[in-house]
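Take a look at these structures.
Two complexes come next, and they have one chain in common, chain A, joined by chain B in the first and chain C in the second.
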Partner chain A sequence: MGAFADYFRHIRDAVTTIFDGMAVTASHLVRKPYTVQYPDRIPTRVQDTLPFRYRGILDVDLEICTGCLACDRACPINCIAMAVEKNAQTRELVISQFDIDIAKCMFCGLCSEPCPTGAIHHTTEFEGADYSLESLIRRFIVEPVVAYKPKKGPEPDPAIAQLLERGMHYVEEWAQPGSDKPPAPAAAKPSVAAAPGPRAPAPKPVPSAPKAAADGAADASPSAVESAPGAEPAPVPEAAKDKPDNA
Partner chain B sequence: MSAFHTEEMTLNMGPQHPSTHGVLRFVIKADGEVMREAIPDVGYLHRSIEKIAEKVGYHGFMPYTDRVDYVCAMFTNQGWAMACEKLAHIEVPRRGEYCRVIAAEFNRIASHLLTVGLMGMDIGAMTPFLHALREREMINDLIEELCGARLTFNYMRIGGVAWDLPPGWRDKALAYLDHLEPILDEFNALFSYNKICIQRLANVAVISADEAINYNLVGPNLRASGVNWDVRKDLPYSVYPEFDFEVPLGRGEWGTVGDAMDRYMMRIREMVQSARILRQALTQIPDGPVLGKVVRNFKPAANECQVRVESARGDQGWYVVSDGTGFPHRVHVRTGSFAAMGMIQKLSKGLMIADLVVLIASLDVIAPEIDR
Partner chain C sequence: MQAWLDSLIARGAFGPHPSPDLIYGAAIAIACALVLFLVAVPFASIVTWVERRVWARIQSRIGPNRVGPNGFLQWLADGFKHICKEDVVPAEADAPLFRLAPYLVVLAFILPWAVMPFASSLILADLNIGILYITAVPALTVIGILMAGWASNNKWSLIGGIRSAAQIISYEIPAGLAIFPVVLMTGTLSMQGIIRAQGWAPDRWFLFANPFCFVAAVILFISGLAENNRTPFDLPEAESELVAGFATEYSSMRYLFFFMAEWGNMFIAAAIVVTLFLGGWQFPAIVQSPRLMNLLQLATFMLKCLFLVFVSMWIRGTLPRVRIDQMMSLCWKYFVPISFINLLGTAVWVAIFPDGNRFTQWLMLSFGVAVVLLFLARVVAFTRRARMELYFHPTI
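Let's look at the complex of A and B:
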């Protein structure tokens, strides 16, 4: 008798628990779908929705590259090939080769961490499929260029100042060893966009940066909550631009 | 009545079998549906990561540690960073330790979500897998915002972490935890308390406490057998002593203590505890730097050290020998999956072939962690 009772009890349990599960499934009919129809039928490109720290395909702003070779030394798999020599007459550093093998790159970010100006940086671009391995080697140098030299004062050239401003923003995202500097609020970034970039190797903390706006503030004061949406890291506009060497 | 003539059948499961969680091969000796034994054949995913450490130096090895266990890479990051810090006597700033714990516990939840989802998938339930992955995806989004990657994080550095929490991230993380706890109840209603799931997992591949200790099981697999051993509690590291949390143990509500159902429920309960740790960590996090001062040319004096972290797959040991140069002399990682693989041959005796899949899933072995 007991075996019969068990048998029917199991069936009853199975049916009721399946209905419990079905209720959960059915409740998802009225919830917002979570899936994204990539790559079509999305309102914005995925690249534009990615966070600022996203480690996508590497890009180099040669205009602000100091030729210090820090990235080359930091790369654990030597996917960066650089050649820098000193011009004997003008005493300037000349970069004659800057290749990054994207096929080898593992997107660890160790190269962009020591860069003093943020010249080498990860973009939010991740679609890099190609037909041959050779075309995945990004050659940034067409003809030798003179390395950027950090100026004492503000950067005179507005085009370079803009690049430098972007680069320093990238550099400041990284944790500075031992410094108590709160992350610079990204909301304040557009206002200082026109201002000249600070002297390259010594990023100075913004003294007026409201500490509450940084997430570091332990107390969730109302101002921190308010400024949070505005303080979202903005997607890098440079990431969207087409690479000429992509073809 | 003379016995019906049967003969032993040798079957290959893997290396490309979808339910072996990576490239794993089993040689199965079976009598009909019942296995005499299943011999695991490991090594298909051996990438000599320990040897690579001797070639790339201390800083450069950090991204490689992600590949030791790519499902919970934060713990391998942390293990390597802690080993180097112990070698060179480096102090990590308190905020850095908190960042580590926050990232690691989020990663533990993500890893366990994948495990419970895959357990459902392996026994033929597709829906729970998708529900678990949806939640994991939200954690991946959070971690992506924190460190820029979704799988191979490379978040930690010797001396701290590479990025501070981004502005507004803390509120998002707390909001996610509010969202996660009801979802776990929903997941239980969807799958854990389902009679079919219980019948399929309960009393399968029972591991007693003695066996678990003798075979050196670690982490959730060990605790499911009722052994109270958690590195976070028993050999505390980082800032774990500052948090109030419980170590769930296998209770055998649906069958025997130490069966597959216990190992499954262990993961669900650990997620609840991880959420509890995260809540405390996110509210208590102090101000300050996140990265200590570490020279780029990192050369610890000749020494050796062993550190242990409680990864999502259990007690993970990092043994590092330095010889005074910029490259470690020897690195060894002791991982939980490898120990679990050693037990499969014993457990598989008398098990149905279909239950082998349950066994592998419930031990939560990850192929790259076995071979390294």
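Let's look at the complex of A and C:
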């Protein structure tokens, strides 16, 4: 009797499970596909959708590079080749070579971490395919340039100030683990002229938003806290609000 | 065409004393064969594109959509790619048999089209043993596949070929037994005769004639899947264990032949089920013109077949592959006994109700409708569970 009941139970199981399985796949058949048709048939470029802290191909803003060689020393695989000389007459630092071998780079981010101005930073660019290894060496110096010298007080040149602001935002982000949102454009604008240099004392050292301070500002470097008033507290609560979703 | 043949005969192209009837007959046969070939081969090829799109949507992907509108010309690109490749014959292979095997498989796929009842007067040869022919001829595939597996001189190919032979021969038995209930009820083996015994309305289809027929239709469809090496019975070409089974050593056009035959046979299997159980080309007589009527019947037949082809793609996207012992036990322990019971049950049924029973037909039809509705409810439930919106868009 047991074998007989088993026989019909097998038939019933087969029919009911296939019935439900077919219903599951049919429900997928009427859904919208998830496919992202990289690279061409997408509404926005992938590069524009990546988070601010995405570690793409390295870029250098030579205008704000201080020539301190911190990145060169930090690079664990020596893919950064820098040459810095001191001009005897003008007592200025002159950067005569700044090459990054993207073919060697492992995108660890250790070079951008010690950079005092955020001159060396990752971009969201990742499409680096090329036909020769040689062309993957990014040479940033065409002719020797004078290294940037941090000013006391706000940066007078607005173009450089803008770069500095972006760079300092990059540096500052290290102090706030977990915030991966780019700064809100509205918050960034008013601070362009007043962006403080790395060693410049901030005009009004107001502590950043309490949530962020509790999260990560405990071990934040002084420069990061000081530059916080430049950015209005708007982006920080937003990042803090996003946290439960990410967790 | 007759005038052209007459002029050829007058010029002595066929020798001094030709027999016009023989020449006409040969010309018609060649023309029909060409037409069928030109229908069957692109059909089998286009089905590959449809299948890839259907799977893709089942897996929430898009599928091939680059070649032509919505990737429609993908089959053409694939075909050209295969034709352009080198036709490799392995050094240790049995070259003549190796070369011959794909042609036998394609032959087995082309031959059944001769008795396909596309419409009331659109059939190449309405054989009085049509259904017998259509079950016998595809068995040529076994010879082709076994030959391919043996001639490749490769263990995987051989195992694939032998599995395929075992599978096709085993499932011929329940498939044959599932056909007999219909033959019992109609008393004819002709494809057209069986369709004429049904009506256009679903309650007149043999699917709903009695419970035994319903089960027979399911068994016939599943056996058709097994005979064509379709998932879940694609053991002969199980990628994870046998590389590509009997087709491992093949390349270029010969490889293409195997898969064209496989996809084309899907249509044959669907057409058998449609002819026997789903009313074939039957369509309400709403127009007088026989030509238009034939077109409508053709469309009906093709739609029904394509639906079943779609179901077999859907099954392929749903079910995992069965083990070889499960496949054999399904055939011999379940299908064969159930088919015999069906045959006996139908015989008793025909003895009791020689002209069918209207009440049972309606009961079965409402049972079928209930199953479909329950199924749709399940689909909606699963869609809701994923909190996804319904998105009926076949071309994206």
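The criterion applied here is as follows: the second predicted complex is superposed on the first by the 148 of 247 C-alpha atoms of A that agree within 3 Å, B and C clash if a C-alpha of one lies under 4 Å from a C-alpha of the other, contacts with A are read in each partner's own complex, and residues count from 1 in each chain.
In the analysis below, a residue touches a chain if its C-beta (ideal position, glycine included) is under 8 Å from a C-beta of that chain, and two chains touch if they have at least 3 such contacts.
From a predicted model like this one, the values you see are computed outputs, not experimental measurements.
Shared-chain residue A:Thr49: touches no atom of chain B or chain C.
By the document's definition of touching, of the two partners only chain C reaches A:Gln37; chain B does not. In the superposition on chain A, contact is made by A:Thr25 with both chain B and chain C. Once chain A of one complex is fitted onto chain A of the other, the partner contacts of A:Cys108 are limited to chain B, with no touch recorded for chain C.
Contacts of A:Ala74 after superposition: chain B is touched, whereas chain C is not reached. Legend: residue contacts after superposition of the two complexes on their common chain; A:Ser96 is shown touching neither chain B nor chain C. Contacts of A:Asn87 after superposition on the shared chain: neither chain B nor chain C is touched. More residues of chain A lie in touch with B than with the remaining chain of the pair chain B and chain C.
In the superposition on chain A, the residues of chain A contacted by chain B and by chain C overlap at 10, 18, 20-21, 23-25, 34. Chain contact summary for the complex, chain B toward chain A: residues 56-57, 59-64, 93, 95-96, 127, 134, 137, 144-149, 152, 154, 157, 159-171, 186, 189-191, 193-196, 199, 283-294, 296. In the complex of the two chains, the chain A residues touching chain C come out as 7, 10-11, 18-35, 37.
Per the touch definition, chain A reaches chain B in the complex via residues 10, 13-14, 16-18, 20-21, 23-25, 34, 50-55, 74-77, 106-110, 113-114, 122, 173-180, 182-183, 185-186, 213-218, 220, 225, 227-229, 231-233. Touching chain A in their complex are the following residues of chain C: 54, 56-62, 314-315, 317-319, 333-334, 375, 378-383, 386, 388-393, 396.
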